[in-house]
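Order of writing sets the chain letters: A, B and C. Residues in each chain are counted from 1.
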Amino acid sequence: MMVADVIFYLFATVTVLSALGVVGARNPVHSVLFLVLAFFSTAGLFVLMGAEFLAAILVMVYMGAVAILFLFVVMMLDVDFSMLRRESVRYLPMGFVVGAVMLAELGLMMAHHPGEGLHLGLDNTDNTLAIGQALYTRFLYPFEVASLILLVALIGAVALTHRERKRVHRQDISTQLARTKEDAVELRKVASGEGA
Amino acid sequence: MAVEQLDIHLVLMMPEILVAIMAMALLLLSAWTHKGGAGVIHWLTMMTIVAVVLVIQVGSGTATTFGGQFITDDFSRYVKVVMCLGMVLPVLMSADYIRGHGMDGGEYHVVTMFAMLGGMIMASSGGFLILYLGLELMSLSLYVLAAWRRDDRCSSEAGLKYFVLGSVASGLLLYGISMVYGVTGGTGFAEVASFLGKPEGHGSQLLALGVVMILAGMGFKIAAVPFHMWAPDVYQGAPTPVTAFMSVVPKVAAIAALFRILFDVFPTYHVQWVPILQLFAVLSMAVGAFGGLVQTNIKRLLAYSSIGHVGYMLIGLVANSQAGAQGVLVYITIYLFMTVGVFGLIIAFDRQGLGENISDYQGLARKQPVMAFVMAMFMFSMAGIPPLAGFIGKFSIFMAAVKGGFIPLAVVGVLFSAVGAFYYIRVVKVMYFDQPEGEFKVTLSGGGFIVVSLSLFMIFFWGILPGDLLAWTGASVQAFH
Amino acid sequence: MAEILNMVHELGEGLFGPLLWSLVWVVIKVVLLLAPVLFMVTYITLAERKVIGAMQVRPGPNRVGFFGVLQPLADAVKLIFKETILPEKADKSLFLLAPLLTLVPALLSWAVVPFSPELILADVNVGILYILAISSLGAYGIIISGWASNSRYAFLGSMRSVAQMVSYEVSMGFTLIPVILITGSLSLVDVVEQQKDWWNIIPLAPMFFIYFISVVAETNRSPFDLPEAEPELVAGFFTEYSAMSSGLFFMGEYANIVLVSFLGALVFLGGWLPPLSILDFIPGIIWLGLKAGFLMFVFLWIRATFPRYRYDQLMRLGWKVFLPVSLFWIFLTGLVLQLTRGIGGE
């Protein structure tokens, strides 16, 4: 029990500190990397709670894909972040207000369930199996609708940004394969000394 | 681990399944035919919607599936038919608009179908989870559609604005839902309602806050004041067929969802939500009436007009009675035909490169009296002048409000509709009394002609003989209370 | 075997006390696991030079030690004693962190790789997911190295490399899903045990080939070594690295090769199971070594044989060929399982 506690506090501390780092880092790339660290230690907390599936998905989806895209964007976009930062100071009071309201509401919700800890029911079951069974039975309908949402996002992204570039030569494998020797090569007998 | 036994009856969901499958099939078709298949996809889209309407008609009675997450009843069927009309009429009238503005990848129709599907899911939703997912499906499709003319700066701006503000609204809604879940421990409408029926379900502050958040989120989707700021810009910037679509279908869907939330889940909390909706209604009517006065762009004008109409519809919800619910359905059905008709005419003007500015309509009556007459009829109907159908809509709403004891609200509503009538009549004045500028001849496309004449017929027919409409809507709201 | 283990445990508990011993035991296990892995990583470099040398009809390294066996050690000594140059405008801390971020995930994955039913550090029930999750972190080392170097070549190389890794990770993950479907478990031990009758390569042959090609791309190996592309980008994302810091990148790359070869052997080639049951007398770990060794050999063989791909061809192959094919195969596997086993499995 004690070892688990130590590990919990370790991960929890890293999570909170790196979350602070996300907000506080001067360089946006460092911010994203702190975010990644926060994800990772949250995944560790998930494992401690016995939710190893969630942990693996968090690492795979958020660290392996989403945060990488964040990094891409932050590294490639030409945004003046110091400017942005100066602007954001103006919104700081508003941010504190929103944060305080949310905290108060969370407290209200906690007060509503005094002493009743969150029971995850993940103790000894194989939670990958449990999640799979819930998703494909009780929540099949929402699951499928969610997949349609992703499809629309995909269509939208392509439809709004994809352009046929006229000047680029595209490789068309089927035309390449359809080419025969007859189309491409012409054999001629040229008598020696008479060729142009 | 035992697999839970579930009641899955896909037959009940046939309309939704049909839309989803056809949308995906058309997506593949458009991917493989490039632009060549656009015409085919156009017609297939409309045939699909007609088929969906027929399939909807087959169903009867009230049934649920997926553990109550999907509800089909007379109400949802009625609302879905309205949404199908709200989808198919803009598609029918805009074939050449789409071609003319380079929007003719088949994906346009696919995304439109997904938007409608999201609306249908909302109308049939039996829980907050699926309600939210339906809403996101619809909203996401609409964001994309608003920006569809991507080389047009206004359109891109509209899409971006709609997206950013819409995301905030979704966040509010989700936050509200999470509070409801936190208090009641469930997301299904039936679960939440049964918790609220118990003694400990009364008087929770947090729950009241959740209800407010949910109302705010939904209020955004129907562009009710004070969540209306996006509407004028988005209506103006979005391609006109999209504007026509989004001034009807999302409103119908969100209002249908509000019906379920307010009447099925939170009837005991009406002390909280009635005043809020009352406020929304009055503000919307006010902004709709006064905001429209100074507009020079007809799409912006219609945006304010739609804000005003939403205000009237909310009165029906405030009335908190079957008569009010019926009034809302009557109103929204008539609103559909008026709106679609006007947009049909705007698209016809667009064929000449005109039609966004109200001044483009100067002297229309001299050159094309029939066209001007049709436009004037739609405008009178929107203003609520008898014997046109718009009057019936307003009348049934105000009657419900009076019956429910909301007499001041009804009086305010009548006053604002008088103010609002001014700008509708201004358009008529421009057409009839101003001197024409320049030479143009506006013609309707084949589909446009069908849509406009159908709309015109409906607003006269229901204006004079509203019996059928009242009977249908009356039957549809039997489920409530 | 079990008796010896018990003796060790008793001895350890006597020495350290039960709590500390459990920690020490973990450390011992990790060391016992990592030593052979690092040995393999070191010697695959020699194998590479020897194999490619043989294919190009030249002897390869043969001066240091008999047959060149001490060559890797000589290389290591050289790398360690050279100076690590820090570029002036680099982001120093990230610059030094990046090579570690490449190597560490490659080593972390070994925690769930079984060498036999008992010989495994942690038989967690999400083994495959764990490996996929950890291997998706490998991209960070590369993207950070490219950015922290503050050099155009390095940045371009890392962009290419990460796009490539992210793309091929998708198809690599999808090729493993049919295996998971057939096994009904995410534990690698279960995956191997289930292949008693048929190795997975028999029903899932296309998936095996897609897996292998994807991991070649995933490890940035020839013919998909565009991130390095020495004619255009000097050396890609590690252009600015020198001495041991670049050595760590190489170790990460080779550790990944060894890892994915073992994973391929376990998942598709029956792991420690012998090909015929009469060959049972040979220990399983030797079979596993042979199979993984063969896959590593193919890595080298490919490098000596194929010309480099063009970048658009690489992306086309990943997204337009592998992705649909593996998705279709998942569908097909599910369908066949549904028809043969019925709803809900056994």
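Note that a residue touches a chain if its C-beta (ideal position, glycine included) is under 8 Å from a C-beta of that chain, and two chains touch if they have at least 3 such contacts.
Everything numeric here is computed off the predicted structure, so don't read it as measured data.
**Student:** Highest contact-pair count belongs to which two chains?
**Tutor:** Pair with the most C-beta pairs in contact: A-B.
**Student:** Which chain's mean C-alpha position is nearest the mean C-alpha position of the whole protein set?
**Tutor:** Closest chain centre to the overall C-alpha centroid: A.
**Student:** With chain centres taken as the means of their Cα atoms, state the distance from subunit B to subunit C in Å.
**Tutor:** That gives a centre separation of 55 Å.
**Student:** Please compute the C-alpha centroid of subunit A, do the same for subunit C, then give the distance between them in whole Å.
**Tutor:** Each chain reduced to its C-alpha mean, subunit A and subunit C end up 23 Å apart.
**Student:** Please compute the C-alpha centroid of subunit A, do the same for subunit B, then give the distance between them in whole Å.
**Tutor:** Centre-to-centre distance between subunit A and subunit B: 34 Å.
**Student:** Could you check subunit B for residues that touch two or more other chains and list them?
**Tutor:** Residues 3 of subunit B each touch two or more of the other chains.
**Student:** Give me the residues of subunit C that touch two or more other chains.
**Tutor:** There are none in subunit C.
**Student:** So which bits of subunit A are touching at least two other chains?
**Tutor:** Counting only residues that touch two or more other chains, subunit A contributes none.
**Student:** Looking at the complex, which residues from subunit C come into contact with subunit A?
**Tutor:** Spelled out, the residues of subunit C in touch with subunit A are 19, 91, 94, 124-126, 129-130, 132-134, 136-137, 139-140, 143-144, 147, 155, 159, 162, 166, 169, 186, 312-313, 316.
**Student:** Spell out the residues on subunit A that touch subunit C in their complex, using ranges where they run on.
**Tutor:** 3, 27, 29-30, 33, 36, 52-53, 55-57, 59-60, 63-65, 68, 71-72, 75-76, 126, 128, 171, 173
**Student:** What residues of subunit B sit close enough to touch subunit A in their complex?
**Tutor:** Answer in residue numbers: 1, 3-4, 6, 8, 20, 24, 27, 66-67, 69-70, 105, 107-108, 110-111, 114, 117, 121, 129-130, 133-134, 136-137, 140-141, 143-144, 147-148, 150, 159, 179, 182-183, 204-206, 209.
**Student:** Which part of subunit A faces subunit B closely enough to touch in the complex?
**Tutor:** Spelled out, the residues of subunit A in touch with subunit B are 105, 108-109, 112-113, 125, 129-130, 133, 137-142, 145-146, 148-149, 151-153, 155-156, 159-161.
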